[in-house]
Every structure is written in structure tokens, then in C-alpha cells.
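Letters A, B and C mark the chains as written, and numbering starts fresh at 1 in each.
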Amino acid sequence: MTSTRAQGRHALFPADPHAREIAEELYEHVREAPILSPHGHVDPAILAEDTPFSDPTELFITRDHYVTRLLHAGGAPLDALGLAPDQPAEPREVWRTLAANWHRFVGTASGYWIAQELESLFGVEDELSPETADRTYDRVASGLAEAAFRPRALFDRFGIEVLATTDDPLDDLARHDLLASDPSFRGRVLPTFRPDAYLDPETPGFAERVERLLAATAQETTFAGYLTALEARRAYFLQHGAVSADHGVYEPFTTDLDPARAQELFAAALGGSLDDAEARLFRGHMLFQMARMSAADGLVMTIHPGVRRNHHRPTFARFGADTGHDIPVRTEYTENLRPLLEAFGTAPGFHMVLFAVDEAVYSREVAPLAGFYPSVFIGAPWWFLDAPDAILRWRSAVTETAGFYRSSGFIDDTRAFLSIPARHDTARRVDAAFLSRLVTEGRVTLPTARRIARDLVDAIPREVFKL
Amino acid sequence: MTSTRAQGRHALFPADPHAREIAEELYEHVREAPILSPHGHVDPAILAEDTPFSDPTELFITRDHYVTRLLHAGGAPLDALGLAPDQPAEPREVWRTLAANWHRFVGTASGYWIAQELESLFGVEDELSPETADRTYDRVASGLAEAAFRPRALFDRFGIEVLATTDDPLDDLARHDLLASDPSFRGRVLPTFRPDAYLDPETPGFAERVERLLAATAQETTFAGYLTALEARRAYFLQHGAVSADHGVYEPFTTDLDPARAQELFAAALGGSLDDAEARLFRGHMLFQMARMSAADGLVMTIHPGVRRNHHRPTFARFGADTGHDIPVRTEYTENLRPLLEAFGTAPGFHMVLFAVDEAVYSREVAPLAGFYPSVFIGAPWWFLDAPDAILRWRSAVTETAGFYRSSGFIDDTRAFLSIPARHDTARRVDAAFLSRLVTEGRVTLPTARRIARDLVDAIPREVFKL
Amino acid sequence: MTSTRAQGRHALFPADPHAREIAEELYEHVREAPILSPHGHVDPAILAEDTPFSDPTELFITRDHYVTRLLHAGGAPLDALGLAPDQPAEPREVWRTLAANWHRFVGTASGYWIAQELESLFGVEDELSPETADRTYDRVASGLAEAAFRPRALFDRFGIEVLATTDDPLDDLARHDLLASDPSFRGRVLPTFRPDAYLDPETPGFAERVERLLAATAQETTFAGYLTALEARRAYFLQHGAVSADHGVYEPFTTDLDPARAQELFAAALGGSLDDAEARLFRGHMLFQMARMSAADGLVMTIHPGVRRNHHRPTFARFGADTGHDIPVRTEYTENLRPLLEAFGTAPGFHMVLFAVDEAVYSREVAPLAGFYPSVFIGAPWWFLDAPDAILRWRSAVTETAGFYRSSGFIDDTRAFLSIPARHDTARRVDAAFLSRLVTEGRVTLPTARRIARDLVDAIPREVFKL
């Protein structure tokens, strides 16, 4: 990982000098370790084509809905930020909007990452403000024009060993193949099977999408054909390097249905005649089927539940998805996952990583499940919770029940390519801070803390994600 | 704000000497800033009439159900504390009960405030105990006899600039007018529109109350007339200085109904024939209507949801409301508020402050909502959570998602007039402590922390509450 | 309590030197105080018979499902750990499995206790590892052969004054009588009335069990007879020293039913014809009845709700209950307990201790309830939450609302006899750490902190559990 001085050598370490010293030692032990990024949303095209990033605004603002949402909350309409498909905004003006609203980002994870990126990658040490806006913009823009800031060069500079993308089941994965076969590119860019839109009958276009899936795999329009089609595409992903299948669901409800009932619901789903309860049953059975397939083919099953997507329909209608108004909801794992876990929870080689945006479940449900089921791993803090204090709360909540070795290792889950090292660096620093506290409290010896710090960025993600 | 030495110059600051020094500097920056109290329950009569406080017991105990509830839990019947309307208690005896039970208050927010008030206002440095009870009582009683302890003198001494009360929609606001027109009184005492009892058909006396409302505004007994009547009273409040409308609901459920259905439910509500589900629909629609009116007339909408009022009916029957057994329940915001936010969430000038007594919603629902909707602000910790550790947990939970500038600024929400400076001082100290941690962790620069500390007690509440 | 040097003199104390010094002083004040253990699962036979412990593996691993569950999660099948009734495992091999997986326990509560026990009782200072496995096993095994390691000797050495067991309502309590009448044994070993299996009609064997209960107490098969039978067995327990009745329920739902309806459900329960909703009503009414009986006979009512027992049915079928897959669920207290509390919440002498495995309820429901009802006490952190960080979170969550004197005092809730001193020592250290923070923050004076530290291990549990 690139050296990041960012907000100081002691950033995110505890205040107490002795604890800080231990944290620093542990962090130094992992600072330069290669980045394993087993889940994220970087577009593989930017690496396959290695085209230069266009401008600072697209890179830091427009593409990052963590950033645009907070500008929107502060009063900037999304079209003024360049999010309207039909109405471009002047990049420098949008950048000035960010600078004028920089105080809104202070204390947030996004603010911390952006400051770290500006400093470590572009040497910008001034805080963003109306006064520094243009100067910073120009500095970043001139940096981006250099060869050293082309995506592949950054990939190397960031020390990324593995980067997983997130892909449609019918994607031909040509860009992944291109990268894998290019001798000049040494990283591993792995596809991830993400079938949500093919599993939820309430997604717009569900029937057409399933028909395309069946056609692509030469299957009949039956539930059995549908399962075979999904299995075929999973196999295709596996052949092209995939290690996991990702599932973004409203709730992690699972249920096993007999084949006749499943066929009935499948037919009704294609016909658009399911009621709400039936649609829920169908989704719950398909999540169960995904576990069955993962237990069989070995793709690690990751579940990202508990988000009401596109909360503000008028914004969705005009600006589309991923525009900052996906809002978490209360989530239940213990009862919802019971059918799945009774069937596959102890299946050899089955791995399931449970992410959460509901902190109440950390100590109550996720850690106890991972503390018994060999298949269950505690997902690293996700989305809004992927931030220094939140990571620390998560470690505190899950470790006493399940230890360090049932956690998944950090995932950055980002579409903001430049933020990858800052995010991993944050996780490494916070884990060092957490471990240093356990050392000063006499709960872990220093040599063991060193081993754990290392395993958290290396052995653990390799095992959990079968890298 | 009056100088409060209370539990020491470093009270509530972190233990680490360096972090403590930063906290102290930040705190000194805001210690004397005027108090803005945009939500509370002080009776405007005490200021309008400026009558001396009667005795220490009424002031510190009887009027403060934070205090009586814990004495009750410790075994003191409420009638022995003077809460029975028909059975007065000897004030000095009640004070002795508090002193004998003082250990029960150690570590609580109430205990902290009372100790601070006794010291900063009355110079009492001894801890309360059976030995110090009478001495302290006498000291406070003799203080209260002085002119400097009359309500208006304290208002000045506390440095209060704005104090909002909470008022019935049919209140004539004469006491507010009197204060506003009195050239010798310089503070602003603002009414707040609190229509709960006119919106919930399950409140005892609902129909009669609505009839009074309609009569007072010369409206017909139709749903349209009812809305017009509410609008008219809101306008009256606005003319008399109100900046907000407050809503205490069991759940923040909202729904839009067509006018015919609303009329139907309204008629049934007056006739007392609504079933539970219909009553819920009616309440949900009225909360929706309140948002519509706030978007139109500009009154800031504050929502205080999630409390089962009067949990112990036998106590309610004998002692009335606000006697210490209002108990929080799990609360849901994301789905419940969706209809309201789809309709008004991006309406220009609409402000909605979401309070919570359910800590699980801070990072999961409230901060993400405020991180997108320009109308949504994160209410400061409320009720049981308005205490040093809880405030710190709240800042930690919401700031990484939404920053400092989506929070509401502190509200004291108190009917205990004397506790106002202690409560604001607590919030200022805790915010200084929180910011000092971010500074020592390299996440905020010191100059920016200074600006934020100041904005939290000044620019932010002024903007959120349109002061 | 035996002196435990364990992970260092400063274990679990804060890092800041000044706060640490205060914590140490407070801890020294209670370090040797007698252990009061008012709730746990130690088998009274081991004390009655005083037979030597068989081997290190049974003592530290096989009997402790906190330990076996995490080995299972790490890939060790339960039969390889010796849990299959029909398939013994070689103790030394199982011990080696623990040693090889020791890294999995680092940071967990179980890992902390085991390390403390190995050091303080057996003088083992090396961390467990494949290299130290055999050496440690031999050391423990040779220790166990000594008279000083017989259960009664340890009971004395641990400084246990009171130890409550958990017993079936039809138990004859002969072992408790034997201990009580033995002049050479000075401790108090008290039975606890645990009627779950007699109250939940969905427990396998419910009808037969109730018939046995009725036969044993010479009651007719009516609801009235059933209540009388339960009262009779409670009286028997009281006569044999019991101070409490314990209730492990899925949810703390309570309801009062009229006698005719109760009789109807009782008959259907015995006939096995209750549907799910009726079974829930019956359970809810029986929890209500248990409160009525506690209010009458004085047994302290403890409620341990919110756990889905035996989550993985295949494991339950093969290995039985208490094998590591009891998983918490979201729990609701405010509404569920309202009928019970309206009826008995202010009944003189009624004590009810509310435990929780759902941290969200601490500040939201349990502390507010205990802050009003004289009968309600806040149960100490339980099960997965009985660990240093979790205890600290709990104190932080409940104290500001309800103070220290509404909490129950620590319970160890353990079946691992050797872990009792380590668990109580952890609680004492963590409480000292918590108090030391309040002292350094100017919220509690040092003399008051000393009194509280002492009361937490002495006056408070004695009062709450009527010891």
C-alpha cells in the first residue's frame, strides 16, 4: 500500500502515549501489506481500458454517492452537481460547491478519505475551502494528466493484489479475461456473481431478464430450467475467476419450498401475478437456493441485507439508482436465516459472510451465529458503518463473542477507485488501535497482537474469500 | 451562560492530558455563548409573572419527574413526595428523602445537574446526605428569597437568548405577548405549537377538543374545516413568534389519504367509532398533514416519537401524566416517514427534526436520512439520552455518516428551569470532548474544531430552528 | 476471592495513568470481597459429593459450551470434541485441539477467563499453543489430583459465600439439604426454582411433566390445581433455601386471562391441541402467574428472555441442548411486561430482575423501567454480553438513566465452576474501570466511588436477591 501520511502519523490511534506506541508498532507491521479487496464496485473497464480519469470532479464527487448525498442534504440540487443525465454541470463549479461545503464533511468517513487522498496522492495539505478550491482543482487536474495517475499505474502504486468487481450474471466478463491474459498487468481482478435482479420478482423487468437468462443458457421456462440456468452462469463466473456471489436483499429471509410450489410461484412471477407475500416467499426460497448452489460450487455467499433502496422515488425517477437515498432498516438474521443454516450451515466448504447496516445485530445475532456455524463469517462494517468509530464499535461488539478469526477481513465496497488505499489504511489503523487497547488492558500479549494484526489483512480474508 | 465550576474545571473532559487540554480550549471558546433553547417545557407564567420560586423541594424535586421517578424506584411512594394533588407533603421532609437517597442519583444525568446547580447557583459544595440535608435546604431556601433568584433575574444570569415553551393550540399566548412587549425583559420567549391531543383520536376528550378548535376558528365540522382550523391556529402561533410545531407520537407512521377517506375517518373519530387500525391511519395522515402545513407555513416540524406514555395506569389514575413512567419503545423511521419524505422531503424551506429515544436508530436510520434529505435534521439526544455518555455515543453514531451540520444543536427539553444552564453546559463540554478526540486522532484540525464547537451552539441551532 | 494475578495487575483498567491508579484503588477495595453468586448452573452434586474433577478437558472444554461452540465454528466437529453421548474422545487430543485453535479465543471472554484460570489456579503463564499443549495438560491434570483442587476446597479458596444452582421444580433438593446440614461445609448453596418446561406447552413432554407435577402435589388436573401445584413446589424450594425463581422465555410477553379462558387453554395444552397463538397466550399468562406468585411468596423473579434455543436442529438431534447454538433474538420489554407491571410492579417486596442479550434494550427499555418501578432491577450483562467491553457498554447505557442502585449485581450464570472467580474478578475490575472514569471526569467523588464499588459486590446483590 502506498505510504499515506494524511492526517498525521498517529491518525486514528489512541491518545494515551503508551497505547499509541503499541498501535503504531502494530500498524507498521501491516502498513505496506498488499491490499486484498474481495468485494467492491469498481468498474473493470477503467482498468481494462486504462483510460485517464477525466477530471477531479468526476473522480471525487460525481461518481461517489457518499459525497453527492451530503452536498444534496446541504442544499445543492443533484442536477447542479452534474447527476442529471441530460444536463451536464461545469466540473470546476461542482468542485467549488464541494469546497464551499467542506465543513459538512468534517468528521465524516468521506471527508477523512478525501483529505487523505488529496494529501497522499496529490500532495495537497490545505483544507478544502472557497479560497483553496481552484488551486486544489488545478493541482489534481494536472496530476491526473500524468501517466502515474492512469488506473493501472495507481493499481500498482496502491499495492492491490486482488480486486473483486460486481457483475451481472449475463456479463461476458471479457474485461476480466483481458486483464487476466495481459502479461503486463499483474493484479487479479475477479468478477463477482450478483444475481439480485434475477431473483426478486418485484424488480422492474424481472420477467424479461429471466427470459434472457434462460435463452442464454438454453433452458426451458420452468423452475428447474431457471435453477439450471443460474448454476450455469455461476459455473461461467467460476471459470473466469469469481470467488463469490453477492446478494443485496431487503431482509435475509429464507425458506425451503417443495418443487411444485416453487414452480407455481415461478410461473406467477413471470406472469406478474404474485402478491406481496408470495413474492417474499419466492425471494426467500431463491436465497435458500443460492446457499444450496454455494455449498455445491464453492462460491462464497455474501449477504448485504437491510437497505430500503431508492427511498425518495422522485429522485430515483429523475436521477436513477445509487444517488444517495438508500436508507437502512432494522434487520433480523437469527430466525430469517434458520432454514438456510439448518440445511447448509455445517456443509463442508460452504462460506457465508453476513454484512449489516444495523449495529444492533452485531453482538446479538451475527457474532453468536458466527461463533457456532463454521460457514458463517462476520462481515466487516459496511456502507455507513465503514468509518473509524463504527469499525471500533463493531470490533468491540463482535470480538468478545466470536474472536478475530470469525470476521471477514476488511472490504472496501467502493466505486471510488482512489479511495481504496485510504479505506484499507483506515481499517488497518483502527484494528491496530483496537488491538493496542487489548494489549494495554492485559487481554492480548503483544506477540499475539502482531500475529492477529497481520492475519486480519492476509490469512483471514484469503481463507474467508478463498483467494 | 453563567460560570459553572461544578464538578471541577475539567468535568466531562477526557482523561488524557493532551486531549483534555484541547477539550478545555474548545470549551472555553463556547462557555459563555448565549443559550438558545428551541425546545422545552418551562411554564411561560413563571417568567411573565416573575414570582419567586416557592421552595427548594418544588424547584428541585416535585416539578422534575426525572427526580421523583428514581425516588419512587428506590421505595418512596409518590404521595410521600408531594405528588398527590390532594395530599401535600412537608417540603423539608421530601428534601430529606432526596438527601437520604442521594447515592441513587450518583452517575445519573439528574444527579450531575443537581450537584452542578447546587454548587454554581447556591455555592453548595458538600454532597447531599442525611447530614447535609437541612443545611443545604436552608441555604437554597434563603437564596430563593433573594431578588437575584427571581425567574427573570435568573433568565438574564443564565445568558438565555431564546427560550421556546410548549403550548396548546388554543392557548391565547397572552403571557408570550406580555413578555415580548415588556421593554424591561430582553429575552425571547417563543411559543411552540403542540397539537398532539387534537390529532390523536384515542386521546381522551378528542371530540370535545376538536369541537372547541372548530368553534374557536369558526370552521364547520368537516375534515376540510378541521385542516383550516389547524392552519389558522398555526398562523396565530407564527404571528406570536412561534418557530416550530412539536409532535409527540408513539410511532412516526405517516400516510397520505384521499380527502374522502380522510373525511370518513374524521367523522368516525368524532363519533368515537374508529377501530385501532383506523385510528392509526388517521394519526398517520395527520402527521403527514402537519408536514404539509410546515412546508407551507415554515414552522419547523419536530418529532419526538417512540414513547409509551403512562405505562403504569394505576399511577396515572392517581397522579396524572408526567409522573415518571413514560417508557421508550423500539421505533422505526425509514419506512414510516417515507410517504412524508417523498411528498415534502425536498420542499424548499421545510425543516424536520427527528428525535429518538431508541439509540439503535442513530446510525441506522436518522443519520442516513439527514445525510440525504435537506429537510431532515438529527435531533440532539433526548430525554433519557440527554446525558454525558449518551451524548457522546450519539455524536459517535451520527457524525461519521452525516457530519456535524445535519445535527440540530442541543435542546434541553426541560421543565426544570434551574437546570437549563447545567444541561447546556454538559452538552458544550461533551461536544468539546468529542471534538478533542477527533483532533488528537488527526481527523479534524484544531481551527476547524473551534469553528464547529462555536457553530454547534450558535449558527446550527439558528439555522435549524430558524431563530 | 482468590488472588488472581492473571493477565497483569492492571488488567482491564484504563490506559491513562491517573485513571488507572484510581481504578486500582477501587478494585483493591473489593478484590477480596466474598463472592455472591445468585444465579448460575453449577451442578450441586459436585459439591455434595466432592468428587475430584476427572480431567482438564472435561473441566475446561467439554462442559463449557462457550468453548466447544467456538472450536466447532473453527472446524472441529462436536463428536471429535467428545460431545457425542455414544462416542468418547481422548481428553488429551481434545485439549490439543483447543491449544491448536487458541488464536480463535484471543479477545473473547472465554479466552480471557481460561488464561486467568490457568495462571491463577495452576501457575501456567505460557499461552496455549501446540508447543505448550501437553505441558499445560499435564500440569493441570496433576493439579486436579491434589486435595486442594477438590470442589469443596476450591469453593473455600474462591471465597464463595453464596452459590445458587438452577433446579427442576420436582427436584427433591437432597444435595442442597446435605450441604446445608454438613457442619464441615460453610458455604450456602441455594436451589433456584426453574419452571420453564412446566409452563411452555410447546416443550416436548409438557403434558407428562405437568401430570407428574400434579401427582407429586396431589392436585387435580385443572388449571386451579396446576397453579396450586406450582405454588406448593415453590413453597418447598423456599423451605430449602431458594431465594429466586428463574424464567427463560423466548419473549417476555405477559397477559392476564380470566380463569375460564385459562382453564380452556390448560386443557387444550395437555391435549396437545393449542395453536401457536394460543400457546403464546398460555405462556404469557403463566409468566403473569409467576409474577403473582413471586409477589405473594417473595421468590425473586428473574427473567432471561430473547434466545432462540437449539437453532441448528440437526445438532440438537444428535448432541442435545446446550451445545452452543442458542442464538439471541430482538426482544421487547416495554409492551410485553406492561400487564405484569400494572398488576404487580409496585407490589411491596416483589423483585423482578430483567436480563437481556439484546443491547438495544439497555437504555431504551430496561433502565427506564427500573428507573420507575421499585420491583424492577437491571440484570447484569448476560451470556454473550458477560465480557469486559460488553459490561462497560452496559454500565454506560444504564447508569445515566437509573444509577448504580437499580442494577442487580453481577451474576456469573456459569456451569464452569472454575471460571467463577475469574468472572467475578472481571466484573469487579470493569466496574472499577467504569467508576474511575466517572471520577476523572468529575462526575463522582472518590469516596462515593469507593462506597459504590463495595455496594456493587455486597449490599446491592444482597438486597436484590434477598440473600
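As a convention for this text, contacts are C-beta pairs under 8 Å (C-beta built on N, C-alpha and C of every residue); 3 or more make two chains touch, one makes a residue touch a chain.
What you are looking at is a predicted structure, and each value in this text was computed from that prediction instead of being measured.
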Next on the checklist: Given that chain A and chain B are copies of one sequence and touch, is their interface built from the same residue numbers on both sides (over half shared) or different ones?
Outcome noted: different
Checklist entry - Any idea what the CA-fit rotation angle from chain A to chain C is, to the nearest 5 degrees? => result 120
Item to check | Whole-Å gap between the CA centroids of chain A and chain B | outcome: 39
Item to check | Contacts with 2+ other chains: residues of chain C | outcome: 16, 330, 360
Checklist entry - Taking the complex as given, what residues does chain C use to touch chain B? => result 14, 16, 18-19, 330, 332, 334-335, 338, 341-342, 345-346, 360, 363-365, 367-374, 376, 396-397, 399-406, 437-438, 440-445, 448, 451-452, 455
Next on the checklist: Under the stated contact criterion, what part of chain A meets chain B in this complex?
Outcome noted: 6-8, 10-13, 15-16, 69-70, 72-75, 103-109, 111-112, 127, 308, 311-315, 324-330, 357-360, 384-385, 387-390, 393
